[in-house]
Amino acid sequence: MSLEHVDDYPEIPVSLASTRTMLKTGAWRSVRPVLTERTAPCTTGCPAGLGVPAYLDDITAGRLDRAFLSLTARNPFPRITGRVCPHLCEDGCNLPIRTGDAAVSIRSIERWLGDQTADVAHPQPNPPTGKHVAVVGSGPAGLSAAYYLRRSGHEVTVYERRAEAGGVLRYGIPDYRLPAPIVASEVARLRNMGIDIRTGVALGADVTLADLEATHAAVFIATGAWQERPLEIDGAELLESGLAFLESVNQGEARVPGPHCAVIGAGNTAMDVARVLRRLGADVTVLYRRTAAEMPAIREEYEEALGDGVTFEWLTNPTAIDKNPAGLTVTVETMRLGEPDESGRRRPIPTGETRDVRFDGVFAATGETADLSPFPPFMQTRAGNLDVRPDGATRDPLVFVGGDLATGPATVIDAIVAGRRAARAIDHQLGFDARWPMDELSEPVAAAETNPTYITRRARTDSPPVATVDPFDEETRTLTTGEVLGEIERCMSCGHCNACRTCFVFCPDGAITWDEGPVIDHEFCKGCGICVVECPGHAMILINEREVSHA
Amino acid sequence: MRWAVPEAEFMDPGTLGCQGCGGALSMRMVLKEVGDDAAAVLPACCWSIIDGPWPLHSLNIPVLHTAFETAAVVATGIKAAKRHQGKDTTVIAWAGDGGTFDIGLQALSGAAERNEDILYVCYDNEAYMNTGIQRSSATPVGTWTTTTPDERPEPRPKKDIMAIMAAHRIPYAATATSAYPDDLARKVRTAVAARGGMRFLHVLSACPPGWKMPADQAIEAMRRAVLSKVFPLYELRNGRDLTITVWPDREVAIEEYFELQGRFAPLEHEPQTVEQIRSDVAERWQALVDRHERTMALAGA
Amino acid sequence: MRERLLLTGNHAAAYGAMLSRAEVISAYPITPQTMIVELLSELTASGRLDAEFITVESEHSAMAACVGASAAGARAYTATSGQGLALMHEMLHWAVGARLPIVLTNVSRAMAPGWSIWSDQSDILSQRDVGWMMVFAETVQEAQDFVLWMYRVSEQVYLPGMVGMDAFILSHTAEPLIVHDQEAADAYLPPFEPIYDLDPAEPRAYGGLVNRDHYFELRYKIYESMERAGSLLREAGEEFGEVLGRRYTPLEGYLLDDAEYVVVSAGAMTSNVRQAVRDLRDRGVKVGLLRVIAFRPFPITEVRSLLGGRRKVAVLDRNMSPGHSGIFAEEVRSALFGQPDAPPVYGYVVGIGGRDVRVETVVDVVDDLTVREEPEMALYVGVKGLPIGPLRRDSQITRLQPLEVQP
């Protein structure tokens, strides 16, 4: 408007235009807020680097297909990890640090998502590459590698020595934690992608490494760690293998030696063995030479065992086993804790005090090792281990390995990641662009940066235990949709804009508009920083205006 | 948390509010609920400036600027005209604490006593901020302002404007703050719906320059005012039935409210005053809780 | 229906508001104005006048309520006096700056302390520079009619108008008057159709922050409008005659044609001036009367033409601007200053605080005028113990004597 002449003026001092037309308050600003995508601590906590807040956001918005796709880009088996993962993601959650509340139950949400998308077909593979890759072993590492290799467009054949695919998922983890039909359906979904899964084919016995190398462009081996580490005590031959026991249970052939059983060791296998024995009606005592603080089992599994009524004898080291007319006599020595050993855990030291305890059966579960017999000596180190790079490559350029075979006993998610990494390395080795994500993640959003004010503060909802008829029916149930949406409301969505609108609500200048997400109007934003401070997950950051103009 | 705050905007950007202005935010939030069949009166206050220099205007409703002490009565006059014209327009008197607690109290009392059909909103930043931070009767005890310097900080507690409004037995009065947008929004909706009589909203509104704190702490400061029970959120019907609307979900000590703001620096040297405030706050809160429970008991009976 | 009634000035003013179809009336009592709002209260309560009646809590609020109502497009009216007008002062300015055609009746009374409810024009003249149109009524009829006259012009120039009437002498004195037919009044004063009315469909801000680049131009518009009000007052006064039978002008002359001496007066005391002029004419003194009706805008040109060439002019001021002279005298002098035929102007301060201005008082003034050689800024008439004359320059402030106690 022109106000050059008195006649240009209205009769009264009445406004003629909106401040929007010419009062560009953005010029006041020295810092500007920008919306970013930052890494959440749950994502860095996850061995697979799953972008948790993003898929939680997709769930809330009803975009389940997108959630499934973003999840399977890093982990093809949410139905499985949603049940058995040690959920390191939750250990990283900023919520407990910031508020003292329990972490968001990410695993339960993942399980719900896995179940919701159980019938969603995996994406069409890339156009055929003409390469054929062999995968040996159909545990989580083998299936994961097969999945990513297939999506890359290779022909994939999986060789499995047992009658059914799944490896530890099928034969190691009891049904009450991971029902066999779920594993079977995941395997079926992989077959639908065109993956050839051949069971009853054992490496070494039915086919040799050399045979596979001769007929495939590359070989990925993930045969697991299925050999019980021998316990060197008198009467060790009287011990039963915990792993073998689990395998037989999973084949429906469980046999309980008697009403009083002991399990030696306190790792995850020991917990499974103890719990299965309880379910089969036995009294179970876990004998462990250190204490609860040092035991390798995941806390949760320990607590579940306690809940099942398993008895724990700490600082109790079996030194000999003998037969007695009614069963077995275990001589145990009381230990005390000394200085930390190389693992960082306090070392058990014998006290010389011993006593005898009677059991009907004693199971060893003190650790498992891999069978390296199929591998030629040149692939092994002087110490007798396979020489493996982090991406699974070995001294044989056509052979990659992963999973427990390479690392010793680890978690399902570790195995899945190993399979993905190896697929990436094989892609590269075969001359294709590596399309599967790397694992390097940026520094996560710190708890101090978050603002828990606007999330819903309520108790954590985890997949709850259910009463079952058969002790081997799944012991917990999947959350309901309502429960999942409620649980997601507890998430601060660190580093990811989940369209909560907090920035929009609190902008004192009305300089944020909404178009699915916040749009900051830099013509007017004064740079007060409220949006950045109030953003629950700190997905907004402030940058210096000078850096903007120089950029 | 999914906000119930509507997307519609009735405040254009480009206002002259300072960075992090709680008063601007209060206006933006209140108008979202009032909607566009409204007219507002702005007496002398920060909003005389914030709205923009002539020939500009930021609000999407008509606004009549008026003299400092006249918000309530000018609104009364507008409402009388609108009523005579058969129009149902919501008339808002939008005044600061000076224009409400001090110079405008007489006109406010008059309008309240007559039960005028207006929505009076006091956006309270606890001092004369527009003139450069001078104490008002809304300034809390122990506060620094340019007229209550560090050597002689505010000696008297904040005037209890809600008690004054309660004494007028107006149909609806409530405290609110933009740190609790859904609570604020609900109260505005309630107030608008209670047309026919006087409605009063006491909206605590942070002033980063006047409270001597970084602009980005504005919301946090208002939130802590509520959580520390220094500024409880409640509503009052007919001056009698009191209901607390936001129950602090965590303990926040009054010191946590004070420490955000440089204006409370004198309190660092006045532990006795802090203790006095603590006991006053506790006593007032208990009195509110008692009244809340009485209201609930009466409603149940 | 046109009717002839016997009413006080106050009730006539209320009838003026009713005939104007005021839509919003704010009311606050103050003697001697109170009867105006009392009657308006009855008229609105009975439904004779369809208006919102607001019993505000002060005169400041009375004007503020009018500001709000007028800004929202309603015809707004209030009445006050003395202290009340002084309290309104800020909002009188506001009505002007906001360009609101409010009409106010002020019943002039002396300012406190000491408390005085009696006639004195110092209250209204203290508001000289706020930018309101001001007219002074002499009769009960005018107390009614001038309300309509003010609205008629106010709503054309978007400036408020004030009707002055003297305490008791007019406010409480009953005279016969014609109460106009409402239809005729409506014909004279059509409904107010404002150029703005705070319509939510037109979300504008009124009267906000104006910086140095614009304030002057917006004020210039006010000055121009007030200037234009001068001719509009004349036209509207003529029209009043055509439609309602009484013609009003900014100035009124009486026996001026051959007058060598002219007495200038405003308000109710003018009636006694008129009688004194007749008495003096009987004695052969060639004296006439010039009554100021419109004080703002001040009819400068007419004052010059009506007073130019006279031998002497006496201006009666029932008011005082301490440190200067009476205010009407200042206005007349400044209008005449530099005119080749300007007569000498003698200021006479009379009737302060309700002291009677009798016919004899005016005769004494004219007698003094005819013999006094040098014109004086202000001559005080009727101060105990003193002859008509200027202020003394040698008086002292004396300390109080001890209180007298009963023996």
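Per-chain numbering from 1; labels A, B and C assigned in written order.
The rule we apply is simple: a contact is a pair of C-beta atoms (placed from the backbone, for glycine too) under 8 Å apart; a residue touches a chain by one contact, two chains touch by 3 or more.
This one's a predicted model, so the numbers in the text were calculated from it and none came from an experiment.
*Asks:* Could you leave chain A out and let me know how the rest splits into touching groups, if at all?
*Replies:* Groups after removing chain A from the contact graph: one piece.
*Asks:* With chain centres defined as mean CA positions, report which chain is farthest from chain B.
*Replies:* Following the centroid criterion, the farthest chain would be A.
*Asks:* When contacts are scored as defined above, which chain pair ends up with more C-beta pairs, A-C or B-C?
*Replies:* Comparing A-C with B-C, the pair joined by more C-beta contacts is B-C.
*Asks:* So, comparing each chain's Cα centre against the centre of all protein Cα atoms, which one is closest?
*Replies:* B
*Asks:* Measuring from the mean C-alpha position of chain A to the mean C-alpha position of chain B, what distance in angstrom results?
*Replies:* Roughly 50 Å, centre to centre.
*Asks:* Could you state the distance in Å from the CA-based centre of chain A to that of chain C?
*Replies:* About 91 Å separates the centre of chain A from that of chain C.
*Asks:* With chain centres taken as the means of their Cα atoms, state the distance from chain B to chain C in Å.
*Replies:* 43
*Asks:* Which residue numbers or ranges of chain C touch two or more of the other chains?
*Replies:* As it turns out, chain C has residues touching two or more other chains at 98, 204-208, 210, 214.
*Asks:* For chain A, write out the residues touching at least two other chains, lowest number first.
*Replies:* Those would be 3, 13-16.
*Asks:* What are the residue numbers in chain B that touch two or more other chains?
*Replies:* Those would be 51-55, 57.
*Asks:* Considering only the defined contacts, which chain B positions touch chain C in the complex?
*Replies:* Touching chain C: residues 36-39, 41-42, 48-49, 51-55, 57, 59-67, 69-70, 73-85, 89, 106-107, 109-110, 113-114 of chain B.
*Asks:* Touching chain B in the complex: which residues of chain A?
*Replies:* 1, 3, 10, 13-25, 28, 453-457, 489, 500-502, 504-511, 514, 521, 523-524, 526-530, 532-534, 536
*Asks:* Within their complex, state which residues of chain A touch chain C.
*Replies:* 3, 6, 9, 11-16
*Asks:* Which stretch or stretches of chain C touch chain A in the complex?
*Replies:* Touching chain A from chain C are residues 97-99, 158, 195-196, 204-208, 210, 213-214, 217-218, 220-221, 225.
*Asks:* So in the complex, the part of chain C that touches chain B is made up of which residues?
*Replies:* For chain C paired with chain B, touching residues are 23-24, 26, 50-52, 54-58, 60-61, 64-74, 76, 90-91, 94, 98, 197-200, 202-211, 214.
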